[in-house]
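Both of the next two complexes hold chain A, though its partner changes from chain B to chain C.
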Partner chain A sequence: MHCKSLWIKASAKSPAKDQFQEELVIRPLHSGDIYASFQFRTLWDTDFLQEGQKKVSHYRLFPKSLGQVLSKFSVQELHISFTQGFWRTMQWGQPFIPSPPGAELWVWFHHTVSDVDGNWKELTNVLSGIFCASLNFIDMTNTVQPSASFKPLGLGNATDHRFLRYATLPREIVCTENLTPWKKLLPCGSKAGLAVLMKSEKLFHSSFHSQAVHIRPICQDEQCTSKAWELRQTLNVVFDHYTSGQGKKEWSLFKMFSRTLTEACPLASSSKVYVDITDNPELSPATPLLSQAVVLGDRRTYSVYDLTRAETFGQLRSFNLLLRWKGDNMLRPLLHAERYVAGFGLQTGEIHTVIYNNHPYRAFPVLLMDSVPWYLQLYIHTLTVTSKSRDNKPSYIHYQPAKDRHRPHLLEMLIQLPPHSMTEVTVQFERALLKWTEYTPDPNHGFYVGSSVISALVPSMVAMSTNFTQDQPLFSSFVPVKEESSYFVRVYTEPLLVNLPTPDFSMPYNVICLTCTVVAVGYGSFYNLLTRTFQVDEPSPPLAKRLANFIRRIRGVPLLA
Partner chain B sequence: MSKQRQDLLIYFSFYFVFYYYYYYLLCVFILLEKQRVRNAVLAIAAVVIVVGIPLWWKTTETYRAWLPYSEISELDSLQVTHIIMCGLLSRNTNPRTQKKVPLSHVNVKEHQIDAKTGLRYKYETRYRTATIMEEDALNQPTAAEADLSLHMLSENSCGSVVVYVIPESSALMPEDVKAYVGQRRTVLLRSPPFRSSWSLKEVLSNLDVEVEQVVSTMSFGHQDIVAALSNRVRMTKVTKESMADSMRAIKSSPGYEITFSLLNPDPKSHSLHWDIEGAVQSYIQPLLNKLAPIANFSVDSQILYYAVLGVNPRFDNSVSAYTLSADSLSHVINPVEARLGSNAASSNPVLNFLLYVPDAHHSPLYIRDHSKREVPSNAFHSPRWGGIMVYNVNEMYGPEAERPVDININMAKVMGVFLAQLRLMLGVQRTHPPTGFVLQSPGSAGLADWELDRLLWSRSVENIATASTTITSLAQLLDQIGNIVINDNVAQQVSSAVTSLQSAVAELEAGNLAFALHYSREAVLASERAFFDPSLLHLLYFPDDQKFAIYIPLFLPMCVPIVLSLLKTVSEAKQRLADKQAKSD
Partner chain C sequence: MYSLSLHFFYPWIYLKKRIFTFCTIETGQFFSSGHTNNWAVLVCTSRFWFNYRHVANTLSVYRSVKRLGIPDSHIVLMLADDMACNYRNPKPATVFSHKNMELNVYGDDVEVDYRGYEVTVENFLRVLTGRLPPSTPRSKRLLSDDRSNILIYLTGHGGNGFLKFQDSEEISNMELADAFEQMWQKRRYNELLFIIDTCQGASMYERFYSPNLMALASSQVGEDSLSHQPDLAIGVHLMDKYTFYLLEFLEEVHPASQANMNDLFKVCPQSQCVSTPGHRTDLFQRNPGSVLITDFFGSVRKVEITKDTINLTSSVKPPIQSIAEHHVLQFVADVSSQNPKQKDWHPPDGFILGLWTLILLVFFQTYGIKHLKHIF
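Right after this comes the complex of A and B.
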């Protein structure tokens, strides 16, 4: 008790501790592309969910705008990502932090929140303002509460999925206007440190671009006596230099970003560049510092450049890395998935999700989550899961049917994948007819259905390290590893583009005109019937007779009667 | 005659009879038919006019809920009464007058600001003698202590002022001090010299002059009110200073966000530490606690790195320092503002206070005013936005110090400047006491009670002005544009705003400042909610040409036959009338 009061006194006097780390990982991919992954982590030993006098209001490294959002909406955990392009798992392997194309947002609210839906609505609007994105289009029709797929990544064993909200906007287009506010959240902005490299014309001239913000409470130390809040900003880019660089497998920092590094962010406690040298590429300048890390079930070797040390920058005071490589052996990802729509016509169709387990001898379970908009009416009785042409019964199914214009379908399944197999999940659907105001401005483009999410604990080929040491590089410490023999992977499939029956949009005026004409014609005949008099007319003589009479008149012969 | 022939004859005669009969019937029938057609035409026209048009009108009508237009138009002309209670406690200076006290009188002044806005000041003065306890309190050695102990005795109500008249020879105040204005709502007034022969009336009339001076110091002047009413009233006869005051002060709002930002453009050389939490607790929070009845305040702070000012300071060789001239100050804020960020969690107005520590290569930096002299505080403020202070740190370390240099910022110095700026922003007007008046310093709260009363009053008046202007212009707008749908929600907001406004004016008249402010704030909120209700925009733009385009396919084919046959009927009727006249002639 005494100890605790002392601690409170001490914390009241000195401002809460915060620290900032930055990191860049560069991994040459066997396809010839280059994968660059930035991670920025701000740690703050404080608690945003405090109320009253102890409310957090004095910010140093942590961005004020996000902190205010966290405390106002009582957010326990927040994950938001904006992605342009699709991550090709089969060619590129697993990304450090996966994300689906478009925008994805999932939030765990604190269990004291009473009106979760109201908070969610307001939160999406505020975030859409902060990130200049169309997150305000998230509403009840595309929000789901997954029961198992999205567990909190930070502290707090929240299991009640009433406090979880998940939504994707597969159509969201990510561009500079989203990058600028994202950069603004960094303490050094884009003025110093690794963020200097983020030149938008280079970053968006790439095969894949994904930026994300992850906020979660974590332990301050190993004993986990108190909470700290972690803000991770990640940016992943895949540059396609192989095809544009005449087939040469080489790159340099300057070639990729058209900038070089001159200094670390002065506020960063660590600032490092990691280069994956597992395939023994030529690297210049060379560094004596090597580090090994087991990431996603794969042991890799990295060269480490510490930007906080002056010798990294050499005589020129500028740091430019050059790398040539030949390597083309890549660990085939053990788990990957794809999805497509089958069927013809505009009435029914079938969604196929194919999940591959490439492990030669281990079977493992995966959680498949599908969120389908209400206008594709799923026939859940047609759901079939087959692996190796045999029926594979899911051990857990959570299905929440859609309500028209209110709620999407949510389908979650736990499927056991046999070793070295392909599992196919199919479900049929019928396309609904929308009201004419519900169509998007370009309805003939089609309607997007967000990616399916496959979460799994994949058996690892090498032992994963489970200890929480400080020296772990950021890219390997995002998802906490609970056991040595397996690692957590989340795989996103392609989003679907489905055509819906589309009417002719000049229809309303046509309808008005047509009904008016019908009414007018009906009314006209009715009116005529009422107001005209009808008389029997003398039938006029037939044409032959009239002709005969005409000739007779000319001849002067008496006419025919 | 054969039977056959006879038959034929009969047949023919029958035929003729029938033929003529038929012909006759036909003639009658045609006449009847004409009559029927005419009736049908008239009936259809009548049905269209009596049933069709009202039906169409009713079904295509926009819903417009009832609004209290008459009460709104009453609001258009505003009469505000300002009541000041003046308890005058005379110390027992003259035994003759003692019996006749207490008595009271009311003094009313009227001002018509413009055609629609009027002000009525009502000064109510009550006299009584001091109680024994108050006498004791007044026997304290200094005025400040007397003020405190008088405050302990009784709490004076909001908006009132108690004037204690102390004998001419009292040692409570220095000789040259005529009046001592305390921290609360009391004034110690040295009584003017009396002659013992004076009647009570003379004594009081002599006192009145002094009291009026006190009141005009402690309550605000006419100009300030006009400035507070600036939303409604055209500024014409306002002095420059009170206009500047009113423009500087941020508009009345139910809450404010105060943000302190430390700008560190050079984190490589300076590692700045500021104890903002402690500084806010000890300097800002007392003032905000005091101001709690006026608005909700929330305070936060942030540190922004690599944030630079918008102008490059010029190096002045004569003082070997960088200088910012007064003209360039207006360009300073814009680039910084992009970094400040707005408050994501509320929509209240934000007051920004920036502390700028110039980078090592541009220090020291001084701000110069229009007459090229250095501003002693090295700070400036931007009306309704906030303040900026430049804090030079170059003297705190030598040239060979190891970078980054740890620097602790002297928060007392900084907060002194920011507090003064905050007072200006919040509209605490400067007081100009007449000679001989001493104002006690407001203490840690930074605001005396009577200053708070003044603020309450001007905020109420400002709110009332804002709300009444909003409601009247909304009513005018709704009246002018018939296409706008007025739903029940908007109507309810409007009527609640009107009732709140009426009660605010009534409370103000009764002198209940706290209630007046409460109601006036409710009125502002309700009126804004009504004015910015999104439902007002739905059908705002539905032009007439589009309506025509939609209705013409239906109306044209329906109306043409009706109109034509009506015309025909009318011309036939005319013809018949003419025929009849011709026949009678």
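Right after this comes the complex of A and C.
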């Protein structure tokens, strides 16, 4: 979880000031689904947070809207993701870049910032305008400052977690209006390169869709003499075997995206497509280029297609991949987790988080982070952690209790998982009754609790390489590898949907009507009886008679009775 | 000497007069053409899957407005619920307006500014009046000025005098009228076109009292606006009748078309719509027949091509400036002091006749005809 630096060996030529690489990885899954992961990386040799020098004003490959955000709010690292669907670890393995359902935003601010909360509030509003999402709902009631779970992934002193802010909106919907501005951040837009495959009608008709932006400063060489800013835009999508695949384990680029590739992005220094052929699928067109990489603790073989070379596109000037497989082998994920709410009724409940360690003989520690909204009042004295039906005491607990309407619960624990076991963390809670204006327009849907985050260094069966070369594929260089024998994994559990006791919203109207009626009838009639005086009054003659009297008066004739 | 000096001054006076008349023509024409930029505020106020048609209504107006030239930065789109990526949608990332899925109004390039729980009465009124928190991004603001023509389109469920937002709150016609008056006093619009497609929609524009407002509604007070056609694959009604025919009408409008407001008033007569669409033009200064559709739905800039050179910095600058300035100030004073033209209220014609008939009937009933001679 601690990472110091990420360095890339400098090439023989002097590197360009900014460069752009794009990559697509296709991995067939044993359940028949297919996983496609796009990564677009822009490296820029500049410093947004320089003081005393003139501000950066000329943007080429790096998007200007994000650059201005970084310098205005003194952001050291920014990670934002929008996800639709839940990643099924047991069926699909581990993703390259994990993300929880809904929207997740975590930011490390520069240590010179004096008002982190003010910057955070403005940053969420600005990002909600850029990405057309309701990120302005992020406020102090759903923001936490994790102390150990979210260390910086780039450079930076990771000691003071007062400069870190983490928030998640599990209810946030992802649709074309979020994809459109995300695509506009790419240097080639959606007109050339791999981004032409991103058509919303196919991307959102999938089991899982996640788009993210990760910005961090990295070292450009071993000694870290020059720093560069790295912007990674990632899009992970899993197409379903039955709804998009018609039940066959046969996929092609056209079937997945309803498009084929025609050219690489002209501004990209490298544009590659990797296909995972470890399980020996049938692949056409064939390619002699192969690459081996150890990613997520497994040595996998990839076929590489280089889109910057014209012969990849063949005679038809279009590149369409065809993939067919039968195998059922999948490396069983070593770490995965589930979470659910137990109990009945609308007063109390219990949150259960179950973590599975599937390694046959190694035990390893995991860091569990839970952020529960204030209206589920946790009873921490009922917190129990059991593994193999024995009590398991966590070695590090950081708990920050909630304050009503001010901040949520934050619970971080370092738990040692015994080998080949299931660990269960339970905590009881009580549901609060909100004020009637705090309910959403559809309160009977329920209230969401964000996913738990489990971060761990999982022991690897295969030795990982800590040396980095410049042409290392992007998917294996996202998380820096510090040790050879373990790799970093982050697992997100399901978000919870909890019903709170919901009042009848028509009651204020009913009460007002009833009270006013009672007061009017009861008190009003009583008041009238007390204060009304009665007088005898001559009945006034009808209108016709009055008019006739008026005419008689004019004529001077005696009046009627 | 005297005559010589007069001859000297004479051409100067002549020149001044000429430039003065030239300038008055220019400023007069420039100000009478009206607006310099266009904005649109499109709001769908309904939540839940069975209100799919309201989102489709708003998106079809959004599509027309974008097609006719208003850019995304000048459109504030508010959708109270997400239909395109709703789990019940059999074709994700699409919103259709015609059955058999002919036209996808959601498209590939849509930017929704306010979505989901953000669409509230408070946010809507804040957008209109401009009173937003300082950290609100530009895409969520209505940055109009006194030369902007604004199109406001509302759709959802409504009643006599109110419009329901997200099934939990309402906006009344008086609040809306007051918001427009605030916009007028802060010079936030030049002309405003208000279209509403709800049940009893005409009640929402009854209370307007600010100048330069034109309003259209899909139904009169006491009538319901009806939905157009269901799609059996999607399972819900796709559009409302009024907006369906409005979309059909707008599909034929292109940026250079000369269609005017009178054509818009004729959209969806009672034979097609079942309800009676209504409109209100008494607060509008210009004749609706001279107002182009593209004045509100499109973003067409007036360009005047001239072959004459116009000297903007001439030696006789101060007097011309003061005259032109005076002209401008006079115009502004006229505009700001204008009260909306109030029609005098006359009681309906049949009323007086009926009143007299009533009086005579009562007379004859009380006294009978033969007894009348005793009274008179």
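As a working rule, the second predicted complex is superposed on the first by the 488 of 561 C-alpha atoms of A that agree within 3 Å, B and C clash if a C-alpha of one lies under 4 Å from a C-alpha of the other, contacts with A are read in each partner's own complex, and residues count from 1 in each chain.
What we mean here is this: a contact is a pair of C-beta atoms (placed from the backbone, for glycine too) under 8 Å apart; a residue touches a chain by one contact, two chains touch by 3 or more.
This is a predicted model, so every value here is computed, not measured.
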| said: Once chain A of both complexes is superposed, is A:Thr533 in touch with chain B (first), chain C (second), both, or neither? | reply: first
| message | Taking the superposition on A as described, I'd like to know which of chain B and chain C A:Pro401 touches: first, second, both or neither. | response | neither
| request: Would you sort A:Val126 into first (chain B), second (chain C), both or neither based on which partner it touches? | output: both
| said: Quick one: is A:Pro187 in contact with chain B, with chain C, with both, or with neither? Answer first, second, both or neither. | reply: first
| request: Please work out whether A:Phe204 is in contact with chain B alone, chain C alone, both, or neither, and reply first, second, both or neither. | output: second
| task | Look at A:Gly314 in the shared chain and tell me whether it touches chain B only, chain C only, both, or neither; answer first, second, both or neither. | result | neither
| field | Partner chain in contact with A:Pro503 - chain B first, chain C second, else both or neither | value | neither
| First, second, both or neither for A:Pro419, with chain B first and chain C second | neither
| Where on chain A do chain B and chain C both make contact? | 126, 129-130
| task | Show which residues of chain A lie in contact with chain C when the two form their complex. | result | 84, 121-122, 125-126, 128-130, 132-134, 136-137, 171, 173-177, 180-181, 199-201, 203-205, 440-442, 505, 542-545, 547-548, 551-552, 555, 560
| message | Taking the touch rule as given, give the residues of chain C at its contact with chain A in the complex, in rising order. | response | 47-48, 82, 84-85, 91-94, 106-113, 115-118, 133, 135-140, 166-168, 362-363, 366-367, 375-376
| field | chain A residues within the chain B interface of the complex | value | 15, 57-61, 63-66, 68-69, 71-73, 126, 129-130, 184, 187-189, 191-192, 263, 266-267, 509, 512-513, 516-517, 519-521, 523-524, 527-528, 530-533
| request: Give every residue of chain B touching chain A within the complex, in rising order. | output: 30, 33-34, 37, 40-41, 44, 259, 267-268, 275-277, 280, 298-303, 305-306, 339, 341-346, 404, 549-550, 553-554, 556-558, 561-562, 565
